[in-house]
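Shared between the two complexes below is subunit A, which has subunit B as its partner in the first and subunit C in the second.
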Partner chain A sequence: MGWDAGDIVATMSVTSPDSLDAALAALADNPAAHVLAGGTDMMVELNFGRRSPAPVVSVGRIPELRGIDVDRSARFVRLGAAVTFSEFLASEAASQAPALAQAARTVGSLQIRNAGTFGGNLATCSPAGDTLPVLVALSATVELASRDGRRRVPVEEFMVGPKRSALKPGEIVAGVTVPIIDGWQGFATVGTRNAMVIAVCNAALVVDRHDRSVRLAMGSVGPTILRAPEAESVAARMLFGAEPTSARADLLVEFERRASAAVSPIDDQRSTADYRRHAVGVIARRLLDRASREMP
Partner chain B sequence: MRAASTTTTTSTSTSSAGAATVAPTEPVTGGLGDSPLRPDGALKVQGRFAFSSDDRVDAMLHGATLRSPHAAARIVRIDIAPALAITGVRAVLTASDVPGTLTYGLIDDDQPVLADGVVRYQGEPVALVAADHPETARRALGSIVVEWEPLPVVADPDDVIAGTARELHPRGNVFRRQDVACGDQELVGEVRVEGTYEIGMQDQAFLGLEAALGIPDPDGAGVELFVATQWLHEDRKQLSACLGLAPERVRLTLSGVGGAFGGREDLSLQVHTALLALHTRRPVRMQYTREESFFGHVHRHPATIWMRHHADRDGTLRRVEARMVFDGGAYASTSHAVLFNAITHAQGPYRCLNATVEGWAVRTNNPPCGAMRGFGVVQACFAHESQMDRLAEACGLDPVEVRLRNAMVTGDRLITGQVVDSVAPVERCIRETVALPMPPDGPGGDAADPRLLPGGVGLTTDAAHVRRGVGFGVSIKNLMYSEGFDDYSTARCRLADGVATLKFATAEVGQGFVTLAQQIARTRLGVSDVVLEPIDTSIDSSGSTSASRQTWMSGGAVDAACRAVRSRLLDAVAQRHSIEVEALEIVGTDVVSADGSLRVPVTEASAGLVIDESAHYRHRPTVEPDAQGQGDSHVAFAFVAHRAVVDVDPELGLVRVVQIATAQDVGVALNPLSVRGQIEGGIAQGLGLAVMEEIVVRDGIIRNPSFTDYLLPTALDAPEVVVSLVEEYEPLAARGQGSRRAAVHIGNTGDRCRDPQRDRAPDRPYAGATPGHLRMTTGPRLHLWEVVVDCAEPAVLAAFYAGLCGCEPHRFDDEWYWIEPASRGGGVADAGGPRIAFQRVPEPKVGKVRLHLDLGTDDLEGAVRRAVSLGAGRLGDPVTDAAGSFVVLADPEGHEFCVVTE
Partner chain C sequence: MSEVNGPSERFRLHVNGADREVVDAFAGASLLNVLRDHLGLPAVKGACEQGECGSCSVLLDGTLVCSCLVLAASATGREIVTLEGLTPAAGLSDVQRAFIEEGAVQCGFCTPGLITAVHDLLDRRPDPADADIREALAGNLCRCTGYGRVFAAVRTAAAWRRGEAETH
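Now for the complex of A and B:
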């Protein structure tokens, strides 16, 4: 037996605009509406009753948000907000941002990766968001669009707190631009089981040979993704300085110490602050170790 | 052993094994010993199986439950008027609407159907709503006004035991206090090992959520309930009492069950659904969400178990001491029986004549706990197997060797005094487990695939970070209900025109009984077509699908009914052909005579006949234990050995369980594929408990009621499972009607995977695994255990050093005292750190000691003053060197020691 239409007392209005302009207009008309992309976060919230079934603007099928562009001469990859993790992994863009591919591969299960999107990961803005540390370490830029126009914000500035972003009412994430960087990059994430798990902590390390710098970004260890400039300087010294090989072990330990010192984790049902601080230092050190071994 | 009794007297035929002289023309396929596929398997994999949540009828209403947000509170006022005012809301019920008894329960009926003025756990049902639409019902719940007065939350079982907790329930705060004591209560072994073990609260996590459909009788004086449960007749008993109806006015039919694991033994939404249906005179459907399910059924008891094992130096177990504290949560459920299982399995599958066990199951404001796969034995197993590892270490034995040395055999006594007269192939299980092949790849697996490493695709771990550990665990688990309970089973068999029809009320919860019942009928009757009637309360009880009992018990009942039918069929053939019935047997699909002169297909022999027989099946009686826990309280036992190969990233505490090898005492495998399926499932559940699954409860509030944060093992976490079935015929069951048991589960073994030296399950990464905790596969591992001081007066010296270090002196006997001072690196006093022991020796001290104690302090002069005040002599002034400052002193017997700055 199905439900009679007359029985349905709570309705949920879903708009599926076929262009970005139409979506922005719908949002401008109803700034309280939820933006739905892959739904992998929103449906969980709905199931828990944490969101009322307010009006929804579904952007997952808007062509302008679905593009994957690789520009080798200008050295960037652009991902539309509605690009799924699976689509990215199957594209040539994945090889241009290998750490981002590693992070995308850790998102949920195959089914979740088929639905979840980069725009959704950004807009949800969870400190545990799998791709966010990589986007920060790669110095990616978020494109935001509203009926009033577009603006670009560095990912680091886009995130302002746990599940809080720089998005204004009526504004949506349109895409993200990721520089193609010459140098080693890698990602690692710790979970209580080996797949399909929300990160206890994660980290991305990006080595930029062009300006001889190293960027470390860590997630789930603070209110936003955290950088560790003092650790980064140690890493740059190790990879680009004239340090003797014998100093390598000490530098790795120092890098780990500084990475751990840069975070401000909390105790919750998934882990403890102490473990997070310890573990994020370990994976940061291992990333740097891998970088030093694998760099040509 | 009480034999099965059938409703008509039948002459007992010779056993089928004795008639094998005549070859079958056509062997029965899908009989006992074959592995016919279960009918629900493909449907479930394809998503086409009808679970109870798929039950629907026209014009039904949707029920919903208002639950307490508090772990403990008084209900000052409930106002349901705003909910009733909502269009589409058909009923809002509270405690005052319960027509029969307000409370229910499996053993003690202490749990309210709806909270009556007070709530005792978070999620306790307070009110019910029935509405035309689930969303309307949900909104109505939100509009019910409840004024709460929060009460102090009792979350720590120790507060209950200490008597400092407020009384939580008129029936008191202790569900059960039971000892088991046998043999020499004072015996002290040459070797003693002890530890305190914690087991977390585990969820059954069955995939088919609680759901029921209630349909009222037209006259409103009865109700029919379609529900996923483990025991229809027990549900009916409790339901009819709460509804104030005669049991026959409450009819239950088993709906599609998506797993149970003990979580459907207690009532959840049964009374609620029936109440709403009777009240509205409309069909009512209720279904829990996953989140609600965490609050809607009982869980595995969290437990704290202290154990001390006494043994001879060669590892022979002499005495077990244990204190077990089980947190039963807010209501009794089966805490009473779970505790009994735990304390009576404290010795494990080992010979041990002396035991002192103290058991507590107490009430708190935590979620109610009750049955879950293993039923108390899991907690005991985790403790006794951790102890066996410690014992092996203390005796310098291999962990396997110490287990073999103590392995129980048939004829040994349990600590309850009961003789294990069932087969007890413990040694064989251990030896066959050891003989199973180890994983082909070394630590870290086949390097290229990160999924084979701890941390998986999270890329935390390189092969170089991995160390491999191997752990062993052996277990004993009782079968059937204990303590004098008569958990009989009933079945009916009808044979007509070559088709057998079976009727029973045995709940099929995914364990495969419907497949097995058909196998039994095929083998006994030589038929290929076996029809199963609906599983409902229109036949007598088959007991619960729990306690590893249905293959034995309901299998026994089906077997007995089929044999009775066969006997009458053979009588009819004998009469028709004027042959002695003793000469007839069913071989394959034919009725044949011993001399081969007659061969009639069963289909032909049964044409035109309707033979209908029913049978009850009972196991031998058991008794309630005495105050010392003594008595033949259990029916029978099964045994299992496990070997876990685990790759560990010690620095991060991440693991990958590479392989579980197991040899299991399964009786005779009646459906080998099904047995293997149960073994693999049990291992997955044990692995979950060992390394990741835990309901995290803080101050009575569940912190992770979702599969986002309550983590179950995924396929990627599941290890290779290598199985050896140890098949030894079970004479106990054979003395009945020839039914044989198959291992129904092995959830009783806490797979001790991550780290054999850790004392907590689950041992999640943030619990802080370190390399020192890992037992490596090669080479002995040594650590500082204690420093022994030879002396004349151990008591005096222990008191002196204890006073100096601010810890407790411990007496073993007059000859041996020890202390456990705080130690460097953050080790606190009396918490299992290195000891200083004092033993009495006859010879005096001569000359300067050649091994002295340095006691660290941050206050050198203060420490020296305290030492002198306790009887020390000061032998010099402070000396400062590169390492710091120190003062040399002499203890009351003249042993030189130093106090040093850290």
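Now for the complex of A and C:
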């Protein structure tokens, strides 16, 4: 734990640029540098010697990365990469993306939410990351920036594997754009307590009245966030089809079965694969049940 | 742009209202490590070093964070307040007195982090409901006193701030 002399590398340096361009230039000059935002993932690795010290470009205070924009006419919310969970929860954007707010509120503890950022959650790309299933279900777009320019990537393409993202050397997450949905959205997670847990499994459900679609995204049950198209079509039938109310209970059971069938969980110290498969079906069904009751 | 180079470069932190020179810390050191071992502020406790226990809680630009998760050299130019900075020059803060009044201290290791978190809570929310207290203190682990007396201390400090008389 902590630092001992053997860990010290003479090239360790910390740069705190005050603009995005300066940060991108610093990274272009040194593509091996580590980007630091809230530090809630990176410092654990540094403290425990799981990440070797390297030059650090600290982006947490860059104004261009800290913006929260709500555009009601174009119907999207944009969060800068260095926006913390607490800043988002205190903003009007939270009410425009309620499932994302539910997920943000379950992250860690107050101390973690005060420091941890959306960009850090995306870049860490943990299959258990709490914002990720919501961002997938909401069809969010990740903005990436490097000295060579900008590109926008659907969040589903941004995540390529466990802890692996589409980020290229010299590139950083600049922000994430989340559509404002007309319909219903919710997030649910399973863990051993309310605070400070890495999800055993989590799920987000988004019902889009505009195109009559339903999107279910599940986390911690596979190498990336998983969708369940076969379950989604059952949900769409239940919510938008001409199914009689008497069919509701059967459709919920069928939805749960298909959600569980869509995942490929593993056994680890937090849970068995069997429990994950079961539990994620249960929370998916509860989300759909709530959606069907609460949708205006 | 500020830059800190090399394993033992100097940098300056603003801690408890004063500029403090850090001369001999490694650039990868956590703020916990620097506050405690280099700047002699022992109220900042190191336990888990992974943000789980809250013993190292400090205020960074007025926001409660775990100092073990802050890279010290990245905290230049920011306002850092430890429990030493929340303690009046003479006597104790109302939250500290409330912890004593309610017997909310046993081994004491988690206490500075808890008291810092309670100051943060009451400054944001002077009259917290029980659910607010639970959510605000979920990141501070206590393994011997238990939380009943800690919650009582929060309610007592909140009552004093509402103007109810102190009993002792």
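The rule is simple: the second predicted complex is superposed on the first by the 285 of 296 C-alpha atoms of A that agree within 3 Å, B and C clash if a C-alpha of one lies under 4 Å from a C-alpha of the other, contacts with A are read in each partner's own complex, and residues count from 1 in each chain.
In the analysis below, a residue touches a chain if its C-beta (ideal position, glycine included) is under 8 Å from a C-beta of that chain, and two chains touch if they have at least 3 such contacts.
Please read these numbers as outputs of a predicted model, since none were measured by experiment.
By the touch criterion stated above, A:Q111 is placed in contact with subunit C alone, subunit B being left untouched. Contact with neither subunit B nor subunit C is seen for A:A74 once the two complexes are overlaid on the shared chain.
In the superposed pair of complexes, A:A279 makes contact with subunit B only, with no contact to subunit C.
Within the superposed three-chain model, A:A195 lies in touch with subunit B and with subunit C [touch as defined at top].
Judged by the touch definition given at the top, the superposed model places A:G38 against subunit C, while subunit B stays out of reach. Contacts of A:F48 after superposition on the shared chain: both subunit B and subunit C are touched.
When the two complexes are overlaid on their common chain A, residue A:A22 makes contact with subunit C while staying clear of subunit B. Residue contacts after overlaying the shared chain place A:Q269 against subunit B, while subunit C stays out of touching range. Taken together, the two complexes place residues 1, 3, 7-10, 44, 47-48, 109, 194-196 of subunit A in contact with subunit B and also with subunit C. Subunit B meets subunit A in the complex at residues 56-58, 60, 87-88, 132-133, 135-136, 138-139, 289-291, 451, 454-462, 465, 651-654, 656, 691-692, 696, 703-704, 706, 708-709, 711, 713-714, 716-717, 764-766, 768.
On the side of subunit A, the complex with subunit C involves touching residues 1-3, 7-18, 22, 26, 36, 38-40, 42-44, 46-48, 53, 56, 58, 60, 86, 108-112, 114-115, 194-196. Only residues 1-7, 9, 26-30, 33, 46, 49-52, 54, 57, 60, 63-66, 68-71, 73-74, 76-77, 117, 120, 135-136, 138-140 of subunit C touch subunit A when the two sit together in their complex.
The touching residues of subunit A, counted against subunit B in their complex, run 1, 3, 7-10, 44, 47-49, 102, 105-106, 109, 186-200, 202, 268-272, 274-276, 279, 282-283, 286, 290.
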